[in-house]
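Presented below are the structures under discussion, each in the form of structure tokens.
Look for chain A in each of the two complexes below; its partner is chain B in the first and chain C in the second.
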Partner chain A sequence: MRPALEEIVGRANALYEDLDFGAVTDWKRRNPGRKAIGYMPIYVPREIVHAAGMLPVGIVGGSDRLEIIRGDAYFQSYICHIPRSTIELALSGRLDSLDGMLFPSICDVIRNLSGMWKLLFPDRYVRYIDVPQNFDARVGGEFWRREIEALRDDLVVLGGEPITDDALNKSIAVYNENRRALIDLYKARSEQPWVFPTPELYVVMRAGNVLPPDEHTAMIRAYLDEAPREDREDKDHSRIVIVGTFCEQPPLGLLRTLERAGCWIVGDDLLLGNRWIETEIPTEGKPMENLSQAFIEHSTATASRYDAERAKGESLIQSVRDNEAEGVIFCAPSFCDPALLDQPMLVNALDREGISHTQFKYSEDTGQFGVIHEQAGTFSDSIRLWSEV
Partner chain B sequence: MTNPKQPSSPGTIAEVRKEESMNLQKQMIGGHYQALERAPKEGRKVVYTFVPGNLTELIRSFDLLPVLPEINALQSGMRKLSGGYIAEAEKSGHSEDVCTYVKCDIGMMKKGNISPTGTKIPDPDLLLLSYTGCFTFMKWFELLREEYGCPVAMLHVPYQADGTIHAHHRDYIVEQIKTELIPKLEQVSGQKYDEDRLKESLKLSAEAEDDFVHVIESAKNVPSPIDAYFGGVFYIGPMFTAFRGTPEGVEYYKTLCAEIDERVRLGLGPITPDGEMTEERFRLVVEGPPNWTSFREFWKMFYEEGAVFVASSYTKVGGLYDRGFRHDPEHPLETLADYCMGCYTNLGLPSRIELLQDYINEYKADGFMINSVKSCNSFSAGQLLILRQIEERTGVPGGFIESDLVDPRYFSAANIKNRIESYLQMLEQRRKTGVAS
Partner chain C sequence: MISTAVSSEILTAGIDVGTSSVKAAIIRMNAGGWKRDDVEVLALRAERIRRRDLKQVINESFHTVLEDAGVSEKDLAYVASTGEGELVHFRRGHFFGMTTHARGAVYMLPGSRAVLDVGALHGRAMRIDGRSKVLSYRMTTQCASGSGQFLENVARYLGVALEEVGPLSKEAKEPEMVSSICAVLAETDVINMVSRGISTSDILKGIHLSMAGRYIKLLRAIGATECDVAVTGGLAADEGLIQAMRELIQKDGIPMLIQEDPQSIHAGAIGAALWGGYRHEVLERKRQSA
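Right after this comes the complex of A and B.
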């Protein structure tokens, strides 16, 4: 690997592997008196946290590198893995750099985790972010505006400084840049997945969980510049979209396994909150109204969002078409209610369109990939050898 | 009605009794299923909705008939039908990891949608998605929307993370009722919204709610005249389903109140399937829904040891009336909003713990039990912390059981019985020695 690319990917990997969130501690050291606010999947309006002069920190569990010692004592065996590793991170002091946590509504487990956090860490700021499921601007939009205004008011108290409209507009612009860079990265991968392999793309994207957004945007841009300079060749792989990975994240080994098994990942819902808003948010006028309107009108489709207008599977099929994918892999965490309850509807939609699919479950600490390799390899072969296309 | 029977448990007497209220409820539920079966012929429309946050008064004010899929599922569980329905759903691609109420309902639909009482349940004309306290509700009705192709009215109820009803939460719900629910109910029913009719119904609700609270609070007596969990699920039946806001509902609770008052006067314990409990040895508070597939067997594990549940959280999923809430006919839509937000599973964990703690103190409980069901993350996620917090705050020791709602594969009778017996022995030991064992 060329040194410039190695530096970018190496840094992203180091951030990914650092379960002590050293980047957050460093940021706080460089910005004395500033606060860091954690947030769980999927979507929170990070612009507001940023405008408060705070660092938004994405918390998505402990991956396969965290030994669960205390976390298992808080959850029954039939509950997914992300809450137990998140509790483990907190109880082991690894999240001590966080001054608060935001828990958006995604499922009952993350919802209840917000209450557990209040009980376990009574001195820290905790807020449940109840995103609307009504997408009428006058109803759900109004509710959401008042919810995010309440968040803003909380952060004013926590930070001890006002959050001006000007600061909010600037933060909106910063995150617009970040989303634009991510969209460019996804587009580039879709066109040349061998140039931007997903395990690399993933760690570069995930660096945004701990870096300030402008720094992260610079990293993505640098990666977009450097990756094509590497001598990488296309392979006889199938082009697939993975779906179900919007909350508990698959271990990096699983993403590597899929590609080694003959699947170019050309579309995914990994760390979906980064790309939740599918458009630029206006940077002038009333920022809270603009943030609210963007959520109501331009939220992405996913399992935890109610969509009264579009048929189930419509956006997945669109993603398959846009990315010229040949199949879909349902890749959901065990016991993930949103993903697993969504799956039969998505399967039906794909079947109606004649789109190939397969499915398996994972946990963030899955360590054995032999069976998945075999399954993904067979799936890829079946597409390559017997596809009607 | 009185049926002589030999006692099968040491803690009961030799008589199985059926009170008038039991017969009344049976007639009401049977009549409702029959009305549903006749609905297509009579041109009546049907609305499917959920127990927590149900808007029965509003639905009925349009002359629509409510169907509650959770009730069908639990009834299927009690009648040993759910295992087959779940298998049917899993065969068609539903994950083994997810809620068995959903799979039971989908399996029942695939097998012809025959109700647990044998009548045909008509397809929905509207799915009223009261999204209250349970994320799975949304997915459930999305799945049904796929199957039935009928309209959905979504009512998103904000979660009470901090235990406070905020004004903009109430406004949000009221606006949804005005702009989403009422127009769709009008469209389906062909009738205009009649607020006076809704108010009349809400008046009846409040009347029945007073009597309902009187019943569940009777468990403060020693001995308790009721089992507030296993018996409680019958007492909540009319209130939480199709009969809130109806004259039948009012009559049921008046009858029930009179029976309970008489039991208190006579100093009698709860009625169990094997007869009356004669000795109250343990007073317990319980968190979580019961198991339905082995309901009687599960109940027996407690009453044969002289253990009675004096308060439960499950009987609050359809509203916290005992904490003061009453439907207010003077503010019909606002009161519906407050009702939805106050249902138990819509409350944050700190509020749930405070409630359970209060129950232990108010009802003078000796023990605290959690029945953690695999299907329901809304209840289950966080229960191990609830257990610790309750123990720390009250000094009352907790017991923990795992089972499921309606999946018979997840009821391990021997293991559960063993745990219950050990737990109750420990309580007995504490009582004798005055120290924790």
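Right after this comes the complex of A and C.
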């Protein structure tokens, strides 16, 4: 790998592997007195945290590198893995750099995690963010605006400084740049997946969980410049979209396995919160209304969002078409209610369109990929060899 | 040197990276052809790995088979890998072992409706249709006692060359059965047999019958009891094993026909090369329509 690319990917990998969140500690050291606020998947309006002069920090569990010692005591066995590893991170002191934590309503497990946080860490700011499921601007829009205004007011108290509209508009502009860079990265990956392998794209995208947004945008842009200079050859792989990875993240080994098995990932819902708003948010006028309106009108389609207007699977099929994908892999965490309850409806939608699909489950600490390798490989074979015969 | 540009004929390569050996094939085929007449196998190569650097063995096998075929790498329309083929960095595409063995089996023995791929690490039975599409499959479990590696170990203990295993097994008078469950116990069985003075032929035949029993069970499990079965993989060359399987199905009255071909050990590589040819056509069509 060329040194310039190695430096970018190496840094992103180091940030991915650092379970002590050293980047956050460094940021706080460089910015004395300022606070860092953690947030769980899927979506929180990071612009408000940023406008408060704080660092939004994405927490998505402990991946496959964290041994769960105390976390299991807090949860029954038949739920997903991310809450137990998140508790483990906190109890082991790895999240001590965070001054607060936001828990958006994605499922019961994350909601209950917010309650546990309040009991375990009474000295820290904790907020459960109730996301509307009614997307009528007069109902859900109004509710959401009040919800995010309450968050803003909390952060004013926590930070001890006002959050002005001007600061919010500037933060919205910063995140617009970040979203634009991610859109460009995803477009480039869809066009040339061998140039932008998904395990690399993923760590570069995930660096945004701990870096300030402008720094992260610069990293994405540098990666977009450098990756095409690497001598990478296209392979005769099938093009697939993966679905179900919006909350608990798959281990990096799983993404590598899919590509090694002959699947180019050309569409995904990994770390979906970073791409939740599908358009740019206006940077003039009333920022809280703009943020609220963007959520109501331009949120992406996913399992945890009720969408009364579009049929289930419509956006997945659109993603298949837009990315010229040949199949879909349902790749969901074990016991993930939102992903797994959505799956039958998405399967029906794909069947109606004649789009191939297969499915398996993972946990963030899955370490054996032999079966997945075999399954993804035979799926790729079936697409390439039998779709035309 | 054969050029791909002057006719609808194309050249493809298949590289099957197995546990104990690397097999390579160069074929010439009529574009879009499926029948045996559409295909000419120009060269085949099987190279044992023997604790050498695998990438080096792959490169050597590939370049030797190219030389044998009298073609150069740039003449190839598609290089396909199979098995542990991720190490074949110059491949255009990779196909899974079942897919390629099924295709290779139908090429060699067109009437086959089941394939038994028996390699160094495990055995795998597949039901297929006439186009070589895999309909169902069963594999041996992780235990090695049904594998070529186990047989190779036993041959080494007995001081017998691998090529002698089959002929010796066929000479057996009173086969001595071994444990068919665990390789470690089976190897202990063999040591006991040697100390009891059991002949090498009877020991080998006992092992063959034990392995054959496991494979017949796999074939029965996928419902391949009344069809032609093509044996592929390294153990297809073991005439003692093939005979043991035939004896068992005859004894049990199973109307199954066990077949092998002189090219059976190359089925994966040939299948990969054939699928490579097919994919080349598909990709060309896509390119032209774009």
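In this section, the second predicted complex is superposed on the first by the 388 of 389 C-alpha atoms of A that agree within 3 Å, B and C clash if a C-alpha of one lies under 4 Å from a C-alpha of the other, contacts with A are read in each partner's own complex, and residues count from 1 in each chain.
Quick note on the criterion: a residue touches a chain if its C-beta (ideal position, glycine included) is under 8 Å from a C-beta of that chain, and two chains touch if they have at least 3 such contacts.
Predicted model only: the values in this text are computed from it and were never measured.
Visitor: Taking chain A as the common reference, can chain B and chain C both be placed on it without clashing, or not? Answer clash or fit.
Guide: With chain A as the common anchor, chain B and chain C both fit in the superposed model.
Visitor: In degrees, to the nearest 10, note the angle that opens at the C-alpha centre of chain A toward the centres of chain B and chain C.
Guide: After superposition on chain A, the angle is 100 degrees.
Visitor: Check whether chain B or chain C contacts more residues of chain A in the superposed model.
Guide: The larger set of chain A residues in touch belongs to B.
Visitor: Based on the superposed arrangement, let me know which partner A:G262 touches: chain B (first), chain C (second), both, or neither?
Guide: second
Visitor: Let me test your reading of the model: by the given contact rule, A:E374 touches which partner, first (chain B), second (chain C), both or neither?
Guide: The second partner, chain C, only.
Visitor: Rounded to a whole Å, what is the shortest Cα gap between chain B and chain C in the overlaid structures?
Guide: Minimum C-alpha separation, chain B to chain C: 19 Å.
Visitor: Residues on chain A in contact with chain B in one complex and with chain C in the other?
Guide: Residues common to the chain A contacts of chain C and of chain B do not exist here, since the sets are disjoint.
Visitor: Help me check something: in the complex, which residues belonging to chain C touch chain A?
Guide: Residue list for chain C touching chain A: 78, 86, 91-96, 98-99, 131, 133-134, 275, 278-279, 282-283.
Visitor: Contact residues on chain A for chain C in the complex?
Guide: Listed in rising order, the residues of chain A that touch chain C are 235-237, 260, 262, 374, 377-378, 381, 384-386, 388-389.
Visitor: For chain A, which residues are in contact with chain B within the complex?
Guide: Against chain B, the touching part of chain A is residues 73-76, 78-79, 83, 105-109, 111-116, 118-120, 127-128, 130, 132-134, 136, 138-140, 142-143, 146-147, 150, 303-304, 306, 308, 312, 334-338, 340-345, 347-348, 361.
Visitor: Report the residues of chain B in contact with chain A in the complex, numbered from low to high.
Guide: Counting only chain B, the residues touching chain A are 92-95, 97-99, 102, 129, 131, 134-136, 138-140, 142-143, 146, 152, 154, 156, 158-159, 161-162, 166, 168-169, 171-172, 175-176, 179-180, 348-350, 352-353, 372, 374, 377-378, 380-385, 389, 402.
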